[in-house]
Amino acid sequence: MYRLITLLFAGLLAGIMISCGGNGGNEEESDVIKIGHFASLQGDIATFGQQTDKGIKLAVEEINANGGVLGKQIQLITEDTRSTTQDAGLAAEKLISNDGVTVLLGEVASSLSLVAAPIAEREQVPMLTPSSTNPEVTVDKNGNVRKYVFRVCFIDPFQGKVMAKFAKENLSTQRIAILKDNANDYSVGLAKNFRETFEAMGGEILAEQAFEAKQVDFKSQLTDIRDMNPDAIYVPGYYTEVSLIAEQARDLGITVPLLGGDGWDSPELTKGKFKEALEGCYFSNHYSVEDTTAKVKAFTEKYDQSYGELPGAMSALGYDAMYIVADAITRAGSTDSEAVTKALSETKDFPGITGNITIDEQHNAEKSAVVLMIKEGKFTYFATMEP
Amino acid sequence: MEEFLQQLINGLSLGAIYALIALGYTMIYGVLRFINFAHGDVFMIGTYIGFFILTSSFGQALGPGFGTAVIVFLAAMLGCGLLGVTIEFLAYRPLRTRPKLTVLITAIGVSFFLEYTGQLSFVFGADPRTFPTVVEKTMVVQSGSLVIDSYQIIIFVVAIVLMLGLRMLIMKTRIGTALRASSMNLNAASLMGINTNAVISFTFFVGSALAGAGAILYAMSYPKINPLMGILPGLKAFIAAVLGGIGNISGAAVGGFIIGSAETMTAGYISPTLRDAIVFAILIFILIVKPSGLFGQGGTEKV
Amino acid sequence: MSLLNLKNLTMRFGGLTAVDAVTETIEPLLLMGLIGPNGAGKTTVFNMITGVYLPTEGQISFDGQNLVGQKPHEIAGTGIARTFQNIRLFPSLSVFDNVRVGFNNALSIGILGSILQPRSFWRGEKEIAEKIDHLLEMFGLLDQRNELAKNLSYGDQRRVEIVRAMATDPKLLLLDEPAAGMNPTEKQKLMSLIRYLRDEFQIAILLIEHDMHVVMGICERITVLDHGAKIASGTPEEVKNNPEVVKAYLGHSE
Amino acid sequence: MSRKHRSYLYLLIGFAAIIGLSFPFEAGLNSYDMRIVINVGISMILAASLNLINGFTGQFSLGHAGFMAIGAYTASALTTMVFGTTEGTTQELLFLVVLIAGGVSAAIAGLLIGIPSLRLKGDYLAIVTLGFGEIIRVVLQNIEPLGGSLGISGIPRYTTFIWTFGILAVLIFVTENLMRSTYGRGFLATRDDEIAAESVGVNTTKYKVTAFVVGAFFAGIAGGLYGHYNSLIRPLDFGFLKSVEIVVMVILGGMGSTWGVLLAAALLTYLPEALREVELFGIKFRDFRMTIYALSLILLMIFRPQGLLGDFNAEEFIRKIRGKPKKPATTET
């Protein structure tokens, strides 16, 4: 029974060690502006976390090369969440308490952003998520807008609605089947909103089939869908699975177009043999890589130069998020948390890669969506959909 | 009926791949009596070996075709085989006399090592890669809603040929006899003058090489590869091995086909999202009802 | 009334018949030997009696109760205790705790009582501790009381195993080769110990032993197994002169 | 104070110390450090509860995260869907209720999972428990009212330093007392030699199931604490990786050594945070932490399989440094 006492001593020691080690967000005047990014660099969704981080890093490099913000250089601190909620909490808290970051960027997964959002609220540090689409991230369950939390991306309802509208009006489809990823709240959210809008417009949802992320065989679901003979299939998943779904659908003799959301946006989507399978499909997105405006072109080229690959939606959103933060700090004229928060909430028509972004009352990004059509493996602009 | 047939064919071609992976589990268990948890990740490495060959300038010059397929298969089998031998030599051999659970934990460590090192951006990166075409896919049967493509047939043929080859190897060769003797009793085999270290290395080589072959077949049919892709097929193949009676080579083959079909049937007739849960449920059911599996012989503990 | 009745007891492992229709009775307070060449099925008989193996055929009744199909710990509860040929102590526990495990069922304290440990818990533990110390003293093991079982000498381990078996308060004690690995002096001590056990605790003892000196010296009755079948039974003198037995022991060199 | 009540005395001292420590901790630690401390506490509860199953009873379980998930979901669902956010004493009371409810539902699952352990040993049991853990995760993912893959969000933050370490103290009290009773002896006997244990009347089945139930109960409570600290729980976080992490704590600490297991849990939770900024040869540790974790696991098994404190006896050590003569440890009873 000496163990308990010894344990307590050990706990005390550990506590002292921790409190000596942490330098608890010193308020000293520094010549850099610290921006924190908590991201899934390892684990299940590392692919999206790594892309976002690349986009943010590119933006920071550019901003610093152009003289920084308010005459100060930006110091980006990235912390890994290992795709887990436990580490998301730790990473966010560390960036705020220990590093004293001015703004917190992250996460891809809404669930991980939802762990950090209450922390940002409590610590009164503005947080901008590049790609968490669940409405709850900025507006809590009771309908209260979180004062310090903003986002750059669409929310699930918006993209679901846009694509439903597009399917009904532009493609004149009447009967649609849905294939969603049950393990992914983004996919589930898009599917739900697509169904609601499409049915409200008089369309018919034939079936709502599901799969689990990481599965690679979708033939069972697709066989069922094929037998219903839909006009199109809505597949609001990530490109990691969509390519396989498209290929297997074509193998089963399904020829109707597949429709999707911004999760499709990656050069990997149509690589190799998937090119043919996805020909003539459509997805909603923030922008088009094929966009010839100088801004987009410069971004795409720079990204390719730095990383040897074309950017996906996550990279573009990360890039935009960083620029919006820089813009807000510039407008605020200081790194004061309240001022930056206010400036963020007043973001209006910010010309980003992913569209002209205005932060609305719900702290969501108000911007128009584009629908891209896949032609010979390229994502070509097809239509602009207003919110 | 047509749908049932379709699900069965899909299941059998998936099961053939599981069977190939399961053979490695069962051979290694047969000799060393431990679960090589990293086997699924050796399988993953196999797909990347294929990927790098096919995307290299050499592979691109070859283009899809029969010759390319043979080269890729041999390379993946050789690469995985050598990896298996290396893992055994570095991580498992020092633990030969330790409790099985120590080795199991080590195997989990090896598994994590391969997965997370693979995720590092300068190794494979976490982003899934598209596996290039090895041979062109053609539709063989397309009557009504029944569809059979050339890949399904290739998978089936390759798997059966490899299994028969393995059988020949084990039954007809000297090293095969040594392997059989070692899986009956490693110590006795060693006393009889069999170089058990060589037998164990050989077992790891052959088992891992089969996983390498399975990897190429798998990547051909589901051409998106990523560093974590080995986990699920690995687990299912393991379950197949247990179902067939772990340590029993024909059992592993049969188990693979059963698990593959059970999975597609579940997806087709019950719920696609429950397919993995069902496979685990099968595992638990077997282990509780008949832990020795379908073809395994139950041993009595000597008291 | 007999204590233990074996009727037609048979055990087959696959094609091998390890024990073949053995019928036997053991009276209370009897000191009985079970002998036979290696592989005769002696330990298998023990394992069937104690529930480790389920007999292929036959009946076992003890004190009027049927034992077949009961779990080993239930059989232990009816009053049968045993030792093992290849000593099975709890290596990471002390000698004292090894014996204390044998008293586990004597303490009827539930899980809440074990966690909250009211007065009655301590009373029970104290009583048991006294009994254990008494037993250890009786077997000359008190000095090794707090030693871990795995650190004991071979002979001490054998004795601890017997003490642990006695802790369950048995009516029948099964000893599997208790003299194995002992020198003549130790064997002599063991023989008097076994007799003492029977007299002091009023139990029946069935022992498997290869050392004929020990068996003939202490057993009142001896049963001989060969190839799983019972070939002889009687007093040491009768068995010694039985031609079948002589053949079984010598015949193996044919 | 007689030794009979010593365990209660220590529990009281423990509570007092925790309450005493909570003031400087709350005041002196920033919220990141506090989060580490709470996570350390939760890890300690998980590891110590698995130690009961794995270390003391020798039943190798790879599904501990599944128990944690059941507890977390039960407690969090009760709070968010039934009771709602409350304050003051009501909050503390309701928190206790939901934690216990979480523990009980996990214990029921422990009972169900304990049953296969009657027939299976070693790596087979490990695989079955792994399967159970995965099934729990997949099923939770498919229950829409529990949030599906997003999980339950907006859980109020009730977990405090006192709650976490108070429960840890209770767990240590329960473990230490159990280990000194027939149950503890039954656990150890089952671990050391099942056949020998049965031969002296030990119902190994009962002890195995008891270990699973008690271990699962505390893992469930740890889940409740986790949910009420992290504000969100989702099925993915209770997967195979989490189970392995807990197993590694138990093995690193030395199976069956409460002291070592607690230390290992603290180290393995604290070190990754402490090393976030560490750079070696221009390589940031945080980018390689999983690779290093895997490598250390392999090296640990090869060079020190008995764990950090596997053959270390805290009581003996303290006796040595106090210079007291070795007294028979077992006379304590």
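Order of writing sets the chain letters: A, B, C and D. Residues in each chain are counted from 1.
One rule holds in what follows: contacts are C-beta pairs under 8 Å (C-beta built on N, C-alpha and C of every residue); 3 or more make two chains touch, one makes a residue touch a chain.
Here the structure is a predicted model, which is why all the values come from computation and not from measurement.
Common partners of chain A and chain D, by the touch rule above, are B.
Taking the mean of each chain's C-alpha atoms, the chain closest to the overall C-alpha centroid is D.
Remark: chain C and chain D have CA centroids separated by 40 Å (rounded to whole angstrom). Taking each chain's centre as the average of its CA atoms, chain B and chain C sit 48 Å apart. Chain A and chain C have CA centres that are 71 Å apart. Chain B and chain D have centres, each the mean of its CA atoms, that are 34 Å apart. Across the assembly, chain B contributes residues 116, 119, 273, 276, 303 that each touch 2 or more other chains.
Listed for chain D are residues 7, 138, 141-142, 195, 287, 290, each touching two or more other chains.
The set of chain C residues that touch two or more partner chains comprises 52, 84.
Listed in rising order, the residues of chain B touching chain D in the complex are 34-35, 91, 94-95, 98-106, 108-113, 116-117, 119-120, 238, 242, 273-274, 276-277, 280-281, 283-284, 287-288, 291, 301, 303. Per the touch definition, chain D reaches chain A in the complex via residues 6-7, 10-11, 13-14, 17-18, 21, 24-25, 28-33, 35-37, 39-40, 138, 141-142, 148-151, 153-154, 157, 165, 169, 172, 176, 226, 229-237, 258-259, 262-263, 266, 270, 273-274, 276, 286-287, 289-290, 314-315, 318. Note for the complex: chain C touches chain D at residues 50-52, 71-73, 76-77, 81-82, 84, 88-94, 96-97, 100-102, 104-105, 107, 109, 111, 113-117, 119, 121-122, 125-126, 129, 145-146, 164-165, 167-168.
Those residues of chain D whose C-beta lies close enough to touch chain C in the complex are 4, 7, 173-174, 177-178, 180-186, 188-189, 191-193, 195-205, 210, 214, 256, 328-331, 333. Every residue of chain A that touches chain D in the complex is listed here, in rising order: 1-8, 10-12, 14-15, 18-19, 21-22, 24-25, 41-42, 44, 79-80, 82-86, 89-90, 93-94, 96-98, 110-111, 114-115, 118-119, 122-123, 134, 136, 140-141, 182-185, 188, 212.
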